[in-house]
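Next come two complexes, and both contain chain A; in the first it sits with chain B, in the second with chain C.
Now for the complex of A and B:
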């Protein structure tokens, strides 16, 4: 007997009725005059001009403006109006505005064809792909800036850039990359696959999901506006007296984090609400895929940590515009306030950028090992443990800053404790590999690289958490190398694994394997050749964010720079592969190319807008690779039962 | 294949463990004796020596972890790689989805290692008198005699002479974009060169006039953020003669990369000679400086004008108010 027969109410209740918002109505769909990216850009530009004029009109008479020749109020107003204009132009505000004035909003148009990717769309699958393009835009911009940094560091005395330009590039690189990394998995893969993996038809709040995307893209424009405004000299950390001293580019930085923070909070609580409330019947907490666990842990961090950043950014904006003194020590504020607020967000942020990577790896490794995920409960516990502990470690960024010294052993302890749940992830990976039958497809190679890189990143983190060693390595290239190993070596490699693994489902087109192998091996080798020497450079005394360094470090720096250029080239291979396999010469993918048991692979290809004709009833966790004749993963309510593992198609517990 | 017996499983595990043990012991010994003594930043001061030891201990613990996981991964790659094309048969067995013994031992071992490391770090930072890191105006851990030296220095009565075992207080002032140093026991003269006596406990009082800098005397193994209106104290004891470099390790604006200078550790008598001579030579300049204090704030004319002591802070106690040196104007 199938579960659908056992529990008809659960299944019947969920059977598919097309929701009203999906009603196909072509009244105003698709035309060039309706709202799309073009109108958003125009509206954003007009908003910028209007805001700038208004800001000048309001504040031009004040002495602080006349004396300094800088009008931060006008700059901020311009950016605020730009973001609002952008959101209005894309159509994000149509629904709330209509509701605000008491009207029924117009029906959303179900769009077809490629143009839907350039419009405000509520389908989580469209938003996921839009996010892919968005994060790649961030990633490639930040990557180009990194190439510029490494070019300057080729020589300790001959300078390509002026000191001023160099520090702007460094700051812009760091900030753009941090913004990218906090959404790089949550946005594209989280939005796309969480509903599919838990058996839901949509996200809990589709408008919030689309809002988070468009506000994320607005954040790109805001942070990029720092460059025409003259840049900002503070790095991505934006420490306070320098922040107060800096020019109008600082407004872009603060408002940029404010805007990105709004998007992060929106995406975070939407994902959390979806995971908690939209699981299909039978999808108990012990059957939730490990990727969903990681997204849930990340969503909790996004929801709880990001408000602190947004508040911190707001204080900074008030300091810069209306002359409050939150961070101005001589007027009663404290520069430590920013450091604490920033890192209270900033350390959970580090795990926002690590946990989704763990989730991807945990999801992919069993598929290529043909084995169940080892110690599933430990994997989930590890992610939740990391998320909880990450709120108690932030002061290790302030070990040398002049914090109360008796706090240091405490924060050393909490920081080192966090390596216990992080170690769980390694236990899970090693246990799964043990006596497996491993296929080395491109996604699997990237997952193995995540373990390799994150191990170095994690172990070097223990060195940093130790107060005596921290004296040597704090603020130098050692810490720089450490967090590139965790964020790039961990998260970006995991993101690539996820793309190679899931793009066949997302687009129906496989990535070219030969190019994929070239991409993997160049990226893996040159990533390590770029960043490993930086540990030594750091130990030999080179501080971060400098344009000159000791002459005896030139060989190591040159080695690192040349590797960095080749690492950049490996991204060109990726880009070429993406273009070739997805657009120029697409090859149709089989429905389940890796023979995964995940629920997301059991949907029809291409996935219908409502994902599932009938909400599936989940019967087991998705890692039963080992047992021939194991119960089917899910009951889709039709006679066509899902097969569980290769070679053994089963019709559940004897229902046929 | 699914019914492989447990002895076969154990043989894999035994092989991995033996290789791991041998590699770990050999590489740890090689590291400790060949690399360890040369790990930066050397052994010029007590903190450099202690922190180098600390680094080496951490490395000797970390190396087996790295070796263990890498070896396991490599072993997996070569031993359990699927040789056939296509999707392999599934792998089963009672321990495929979890193994209580392995899980519990992993958790226990990592927890014990982590707690031991935290305990070791705590002991090191206490015995190292803060290990050369900045400890705010009220350090918990300080060498004996430093309180007295500090109080005397602030009152203008501090002295230092060779062979007295006295602590030498030095003030480090960061500003965009240079380091200067004041010697309160020698009339408070200011120098752009950091000269220190050998075999002496040094107390660095680090402050800033504008934004946050970080005083990083690389070979001395001292690092303390220079905050405006904050006296960040760090200790070390010089143990070898030689020169060292001071860099700024907290981003402080466009010329952050160029904010460095050099210093020297010289013999106590040579230091005494240099200090007394410089004090005399700089006497007129010293009169124009703000009165010596642990922190300074801009006067009414802002940064372009001058600085005066902000009169808020006194060493090791925020209760006592240092009142005798308020600005004259």
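Now for the complex of A and C:
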């Protein structure tokens, strides 16, 4: 970081341009005959057919296939070829193949208009918006399945679904939502805003970033394919031996996690490399925005924890296809092995979901409190602490199953320990709110809701970490309520806060405030009315994943179900707001509608293709709200651009 | 890994900014290589955990009945070939650093051939394995190891091959200047990529030694 704080002299461009003769022809910008999502769908479909045929050709004579009537090899090969076809169809494989002959890709034709959102695009801002659509697709699919679950639970004796169908709906809902939640912030907001927040013009590895998106979407198709395959009956955790006994839908589950895992690793890898290397001059670690800290901690978890899920999924697929016995106790394997591998990933996964939410809230509340972020360094340290400790707690998921009872106190202790850095992060928020003159705009309301919800989710988590309580309420609605409070109450509310806060920057259009308020209040009220009764339902003994229950719990269940329907309706308000504000009746947003000091707001809207005309030189952190004499945020190489301590932007002569 | 260089066209208006972009790009290759090793470490650790978990559980005394072992001739051959590839990658990178691009290319192609031979033997190994995949814990973990090993050999050999192909084409792009000598951004990027690749192969040599010991010696 030796770029001087004094602006360098302009010189004539000496850009490096690879010779066109050696460049790869990507056939980009050639209209609808070039590679885009349509060709990806066609290639994916053809790949599916080819893979299925090949799988049947190879293995239809195997005894295990003829005896069971199930050909998991054909099912898996169909899915593998579908994903490869999808990636080839979108153009993700062009560059890796060209590298085999030493070629570098030539410059893409810069696409304008809508078509760029349906292609393999290397602009992190386009990828971020593509991710928004992707995660909303996951969210709404999972949400519809949740409505089906609550419909079934309206009555303990009159059933809409069979027990078998019900558990498959629950499993699909849980898996889709977990996959969505692992990318819901890091995909859309992380990819879009990290380079802007650190003063970078690009990602470190834009192709890997785009690859992560298209693999993520492939993962959606794979996991959704479980339904036509007959679903899977294991819940989102996929426990063996049920996993081993399940039908072909289980292949979709295992391969779906495998594929999503690849995307998660790619996303984490790229973001970590970007944050480490592409911070603008002057952006020392003590000036990095707290949202970027959260993404860095998350990226580390994605990079290191997800390979364990990928390996676990691979072993499960080998069990289903070539008849290994990793998870088959009767043949020298162990069903507990899956639990260990799954939760070694699965508990860091909880923080993969939670940390970006904390980051968003930490980034937003100083803007609406007009106060510096309280104890910034503690917030950053808390995030790193949570990330490190999250690798040492996974065994608390096995308190009731495959753990030596003598080991329980150790993992109870580590689990309780992790509440300390989590508490730091929470207290940083409280310290910032303390005696602040809060502006209750829609993003801020969502942030306040995160603190309210996460307090309930977090405190119930501390209870659950204690062995006696854990043993008592294990497998019941109490646990279900706890993790919905942390993940939906924490992460999804934070995601909504982030969307309302940053959409004006992303699209240049402001969201309708009235509809936003309706969305917030309905979502907040009905979220709590849906999930808080589940603590009571759980304490009264209702188990998860069972489609019937004791008659005396019907009133509470009905209350919860009706609230859930209204909670679902609140998302329709959000959807209506999105359509209305962005497409039907768009209103241009002011350049910096919240008067934020964040670096991402200091560049033009719409954001130029390369983010900053000049690489900014960072002077301080972006949280000096209401501080008299606070230093300017950054030197943008434009002499008359100065940032005042109040957060407003004035020209150099002092005029507003 | 040259996107950042390529995308710098028309953006970096000053020498300082171009230098910053180049340093960030090379730093990304360096840290990307280490992150890749981190990923692989956890991938191999998952396999090692499974191995020792099943070994210590020994459910139904079916960890390794009759101390059955995968074909050691294949095991030694594959392991030796992987070590040879790693050796060639590291040696080639050192020679490149000293300006001997021909040595790098020669060592690299030997490494690629050794990698492809290891891949071929790893696939052939399936025809000689003396046990059914699900017959024991050892058999299962061994099959898991071979699948991971195939993926690893493909990834490592691909990386090695792409650096070699790039070295051939780069010289033409640089107008005949040797890539090991040029200060052109593409040449610097290339050298950083080779260094990361060699580091990764060094890691693979270490990991292969541990995994070989697990499956063939213990």
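Observations
One rule holds for everything that comes next: the second predicted complex is superposed on the first by the 606 of 656 C-alpha atoms of A that agree within 3 Å, B and C clash if a C-alpha of one lies under 4 Å from a C-alpha of the other, contacts with A are read in each partner's own complex, and residues count from 1 in each chain.
Here, contacts are C-beta pairs under 8 Å (C-beta built on N, C-alpha and C of every residue); 3 or more make two chains touch, one makes a residue touch a chain.
Worth saying up front: this structure is predicted, and the values here are computed from it rather than measured.
Between chain B and chain C, B contacts the larger number of chain A residues. By the touch criterion defined above, A:54 reaches neither chain B nor chain C. In the superposed model, A:201 makes contact with chain C only, not with chain B.
When the shared chain is aligned, chain C comes close enough to touch A:315, but chain B does not. In the superposed model, A:615 lies in contact with chain C only, and not with chain B.
Of the two partner chains placed around the shared chain by superposition, chain C is the only one that A:276 touches, whereas chain B remains out of contact. Using the contact criterion defined above for the overlaid structures, shared-chain residue A:329 touches chain B and also reaches chain C.
Residues common to the contacts of chain A with chain B and with chain C across the two structures: 329-330, 336. Residues 163-164, 166-167, 233-235, 237, 239-242, 245, 329-330, 335-336, 369-378, 399-406, 408-409, 412-413, 416-417, 419-420, 423-424, 426-427, 430-431, 433-440, 448, 451-452, 455-456, 459, 462-463, 465-472, 474-476, 539-541, 543-550, 595, 623, 625-628, 645-647 of chain A are the ones that touch chain B when the two sit in their complex. The touching residues of chain B, when paired with chain A in their complex, are 4, 9, 12, 39-41, 47, 50-51, 54-55, 58, 62, 65-66, 69-70, 72-73, 76-77, 80-82, 87-93, 96-99, 102-103, 106-107, 110-111, 114-115, 117-118, 121-122, 124-125, 128, 130-136, 138-141, 210-212, 214, 216, 218, 221-225, 227-230, 232, 245, 247-258, 297-298. Partner chain A is touched in their complex by these residues of chain C: 1-21, 24-25, 27-28, 31-32, 35-36, 38-40, 42-43, 45-47, 49-50, 53-54, 57-60, 62-64, 132-141, 143-144, 147-148, 158, 161-162, 164-170, 172-173, 184-186. The touching residues of chain A, counted against chain C in their complex, run 1-4, 8-11, 13-19, 22, 96, 99-105, 107, 122, 200-202, 204-207, 265, 269, 272-274, 276-278, 281, 303-308, 310-312, 314-315, 318-319, 322-326, 328-334, 336-337, 340-341, 344, 610, 614-615.
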